[in-house]
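Heads up, the next two complexes both have chain A, just with different partners, chain B and then chain C.
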Partner chain A sequence: MADLIFYDKAAVKVSVGGTSEVLLASDCSVSFSSSVQPLYSIGKKGSLGQFPSAARVGEISFSFLTSMTGVHDGQPGNIINYLASGIKGSINSNASGALIQVAGLSGTGFLNSYSFNIASNSVSTSSASFTLFGSGEVANNENLNVPISGRLANSDFAPFSDKTRLATGIAHGRFTNLNDFRTELTGPTSNGTVFGADYSISFNHNPIYKVGQEFPTCTYYTTASEQMGVTEDIFSSGLSFSGINVNGAAGNVNLNVKGLIDNSAQMQIGMSGVKQINTSASVGLDDIIRTQKTLVAAY
Partner chain B sequence: MFYTADNAKLQINGNEILASNASISLSASLQPNYTIVDRSTVNYVPSNGINGKLDFSYYITGRDYLVKSFITGQGEIPMSTSQVMNGNFGGLFFDSGYLNSYSVNFSPNAPAIATVSISFFDDLEGEFHPTTGAAPTNTEVLNFERASVSQGDTPMQGEINDFIAGTYNYSSEVKPVYLMGETKPSSVSFGPKTTNMNFEVDSPTGFLPVSGTDALISVDLKNIANVVKENFACSGVIQQRSLAGAVQDYVKHSITIVENSTQAVSTFVSKIIDNVGGEGVIGIGTTSSEGNI
Partner chain C sequence: MLGRITREAESLTINGSGIQGIQSISANYASTAQFLNNLGVNDIKYAPQGPQQAVIDVNTMLTHTLSLSAPTLSTEMMYGFTGDFPFSGVVDHGSKKFIFTEGYMQSYSVNCAIGQIPTISTSSVIYGEFGTGDLTNLPTDSFPSQLNIPSYSSMEINLNEFTTNRVLSFNIDVATPRIPIYAVGLDVPTGVIAATPVEVNMSFDIEPDDYEIKNMRFVPEETVFRDTIITLKKNNSDITLLTYSFDDMLLTSESFQGDSNSNASINFNLRSFILR
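Let's look at the complex of A and B:
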């Protein structure tokens, strides 16, 4: 019987370049799949067998507390936020991926999506998803470059455990100010109250496969699309055909997320070219009318 | 009465083909027969013979050299009946077929599948007889994951390191020769044979001399034991080079090599198994002045 691995021995560690962080993950899932399909021949009943039609691909996704206990490039935050910011701001295409390790399994993955939420009086949670393509050629009896390798085992690393910093280093709605994203109407003046926000970004990666080897010879990052849903109490009917520029024509705006302390430490998500493309209102029993607007940006 | 594809075997020269699909079309060349004073007619007269075509795709297993062997042999050596392909689809058969085209797509990690077109010049004989039978076991369909691509002794301009994907295409012009009184041609004339190989490669360059540039690309297909079981090669001149870019994609660079000769290098034949399981000489191109190719 295999050793049973309890969840407290399955920490998620992500390494990007020369830096790494053990995340405060609340769940994690790993999948590894190969694409085989049955082939059939006319004149014969049944399949000739099942044959590969595409390379093996892995997926790793996890949710985690939006920690700000790490410092990357001088900015407080977590390594996923650092990775997402780096990719979307990159002008290079060649992607190297991030090493993800969990419970003895590991692989190099490319960030598919990253999201988190901020709501009043709530702890923020994030989620991230990676696709693992593997890379290069795999020599006989070696699996160094397969998308996911290893076997289940206790993780030999532990999440950040400085309780003092953890007490204030988790993103929270208490001191996070989202007034930069509120709707402001004029004549008469009316400024919205922001109740919460859902942020997400997705990335497109393009693995280049060639004949003669299973895994891609390289992987390129192509585009990213960013979205933020802001919940407030103002409905703006002034949505224009070309959308509404947020914070001027350049649409540069920062989403600053703070922990449970009102100091200068904040995790920052810089958004540029932001446009509002949607506004909606909804109401339910025993509640006020809440509105939601959707902001988008593309990279 | 309807039948499923399981009930219709495809055979070429008596050998079963592991085809994923097959289609046969027949067309008669008829023209309306008008008289001087008529604006309409119900009479038609034939103006040419029957034009038949068999198209099919089959899995390349490395044991099925029969169809491909016609690339090098057909029309190359003294005419004989062995050049003629006969086909049988569920009991309906023809006996005057000639290889028109043969192509293979080289796609990463994909099963190797060849697409074949055969022309014949008579209607189908026989009756449709449905058959039943289980698929063979232990069939290995070659996969391009185990392909190796090589250049000739003189590497092509531009230091090509990566061959991404490509196609191999062979086509031959086949024209029936009818003698007086014949509706089925007693012979055919073969036109030019052309082989071309298109490959997407790295290292974009615009180098293309007015006289083309010599090039050879050879693709070996290996089985699970890494033994070369099939080969596609094209040795000619690069006549075309293309560069393209599209949003969310990388810059694609393709070269096209054209060869107007079908030398032995184009065919890899290690063994031919006949329809009774024995080693034999089947089809044309297996024996020639060039030896056993």
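Let's look at the complex of A and C:
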């Protein structure tokens, strides 16, 4: 029987360039698949066989507590936030991917999506998913860099421990101020109260394959789309054909997420060119009317 | 020897007024801090998950009423908190105390039986502070309550059934739902909705003479609605202390009990909803 690996020995570590972080993951799933298709021909009853139609790819996704005390190359927040911020700031450039390790398995992945939520009186949780393409760039007599490699074993790393008992480094709704995202109406003045927010960003990437090798020679991030849903108590009917510029024409807004202590530590997401494209209201029994607006940005 | 704190050293003050006739009081909170678990866990850490609230339950005998000149809807102080407004207070016990703020009553009940003084039970949820701290801007007790003890022998119930059937006891339950609204960046509600409707249940135990159990089907001619008024008067007097009045109460249940050692008894319940 194989070694049984309990969750406390299955930490998730993400490395980007020269920096890494063991995340406080709450779940993680890994898959590895090959795209094999049967071929048929006229004059033959059965299939000719099953043949590969695309390169092998892997998928890794995980949820994690939104840690916000780390600083990676000057970017406050967890390493996924750092990675996402970096990618959207350098779209359409050659990317090297992030090394993801969990319980003996590892691979180099490209970020598909990253999201987190902020709600009152709650710990924030994030999720991220990666696609792993592998790499054909190998030297002579070396194995191919397959998308996912390794065998199940205890992780030889663990989350950073500062011996404190209160999770002050975890993003929380207690001191996070989202007033920059509230709806403000004039005549008469009415400012919204923000009850929660859901942030997400998704990336498109383009692996470049060449004849003669299975795995791509390189991968580019091509576009990124950012979205934020804000739940509040004001419905703005002033939505225009071209949407509403948030915070002026440039639409530059910082989403600052804080932890359990009202100090300067925060995770920051710089959003630019933000437009509001949607507003909605809904009500159910025994609750107030809550509104939700959707903010988007593209990179 | 270890000391003890007895009833004479305990008190409850709400909005600056001392609450009289208390039989029991309980107050509690449960921390919302939860252990944060994660893959590769190697550390025990806690963080609050969910809003922090407390509960205070008070049981009193109706021995005191507010002055008629007090600016309240009811001369029974706690009954006044079934409305929209919150209250703050302090519980003293010996040389210690704890405070609470932004208390909202969630349930109020009064019951009385033969040989008893009416008793009142309330349960309130605390959305503000609870525990250590000081109350500021306390109102002064401009209308201190006065000793006024009602009696079962001097109360009036307006239901026709009670002219020919003997009432043993009654119970009134008022449920006042609250909806706290929490915003990002705060640990106290930005507002507390006094939700609607308020549900009122009133039940009576009687020893019947000519009382007749109704048909349980929703038969139009036997579906009973009652305007119900219970008037509590000062013991051995005709001075009205307090009136509970509810309109259009629907008869929702009846039960019959026969026993070899006692008279037949019937319990019935009336229910109504009040829109705020």
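Here is the rule we use: the second predicted complex is superposed on the first by the 285 of 299 C-alpha atoms of A that agree within 3 Å, B and C clash if a C-alpha of one lies under 4 Å from a C-alpha of the other, contacts with A are read in each partner's own complex, and residues count from 1 in each chain.
In the analysis below, a residue touches a chain if its C-beta (ideal position, glycine included) is under 8 Å from a C-beta of that chain, and two chains touch if they have at least 3 such contacts.
No experiment lies behind these values; they were computed from the predicted model shown.
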| item | value |
| --- | --- |
| Joint occupancy of chain A by chain B and chain C, clash or fit | fit |
| Partner chain(s) touched by A:Thr193 [first = chain B, second = chain C, both, neither] | second |
| Which superposed partner A:Gly46 touches (first chain B, second chain C, both, neither) | first |
| Partner touching more residues of chain A, whether chain B or chain C | C |
| First (chain B), second (chain C), both or neither touched by A:Met271 | neither |
| Touching partner for A:Tyr220 - first (chain B), second (chain C), both, neither | first |
| Which of chain B and chain C A:Ala10 touches, first, second, both or neither | second |
| Once both complexes are placed on the shared chain, angle at chain A toward chain B and chain C, C-alpha, multiple of 10 degrees | 140 |
| Touched partner set for A:Asn204, first chain B, second chain C, both or neither | first |
| Minimum C-alpha separation between chain B and chain C after superposing on chain A, in Å | 36 |
| Residue ranges of chain A touching chain C (in the complex, touch as defined) | 7-12, 22-28, 62, 64-65, 102, 118-123, 155, 157-159, 161-167, 170, 172-179, 193-197, 260, 286-288 |
| Contact set on chain B toward chain A in their complex | 5-10, 16, 18-22, 59, 90, 106-111, 131-137, 139-141, 143-149, 162-166, 219, 247-250 |
| Interfacial residue positions of chain A with respect to chain B in the complex | 39-49, 51-55, 93, 204, 206, 208-214, 217, 220, 222-223 |
| Residue ranges of chain C in contact with chain A within the complex | 32, 36-52, 177, 179, 181-187, 190, 193, 195 |
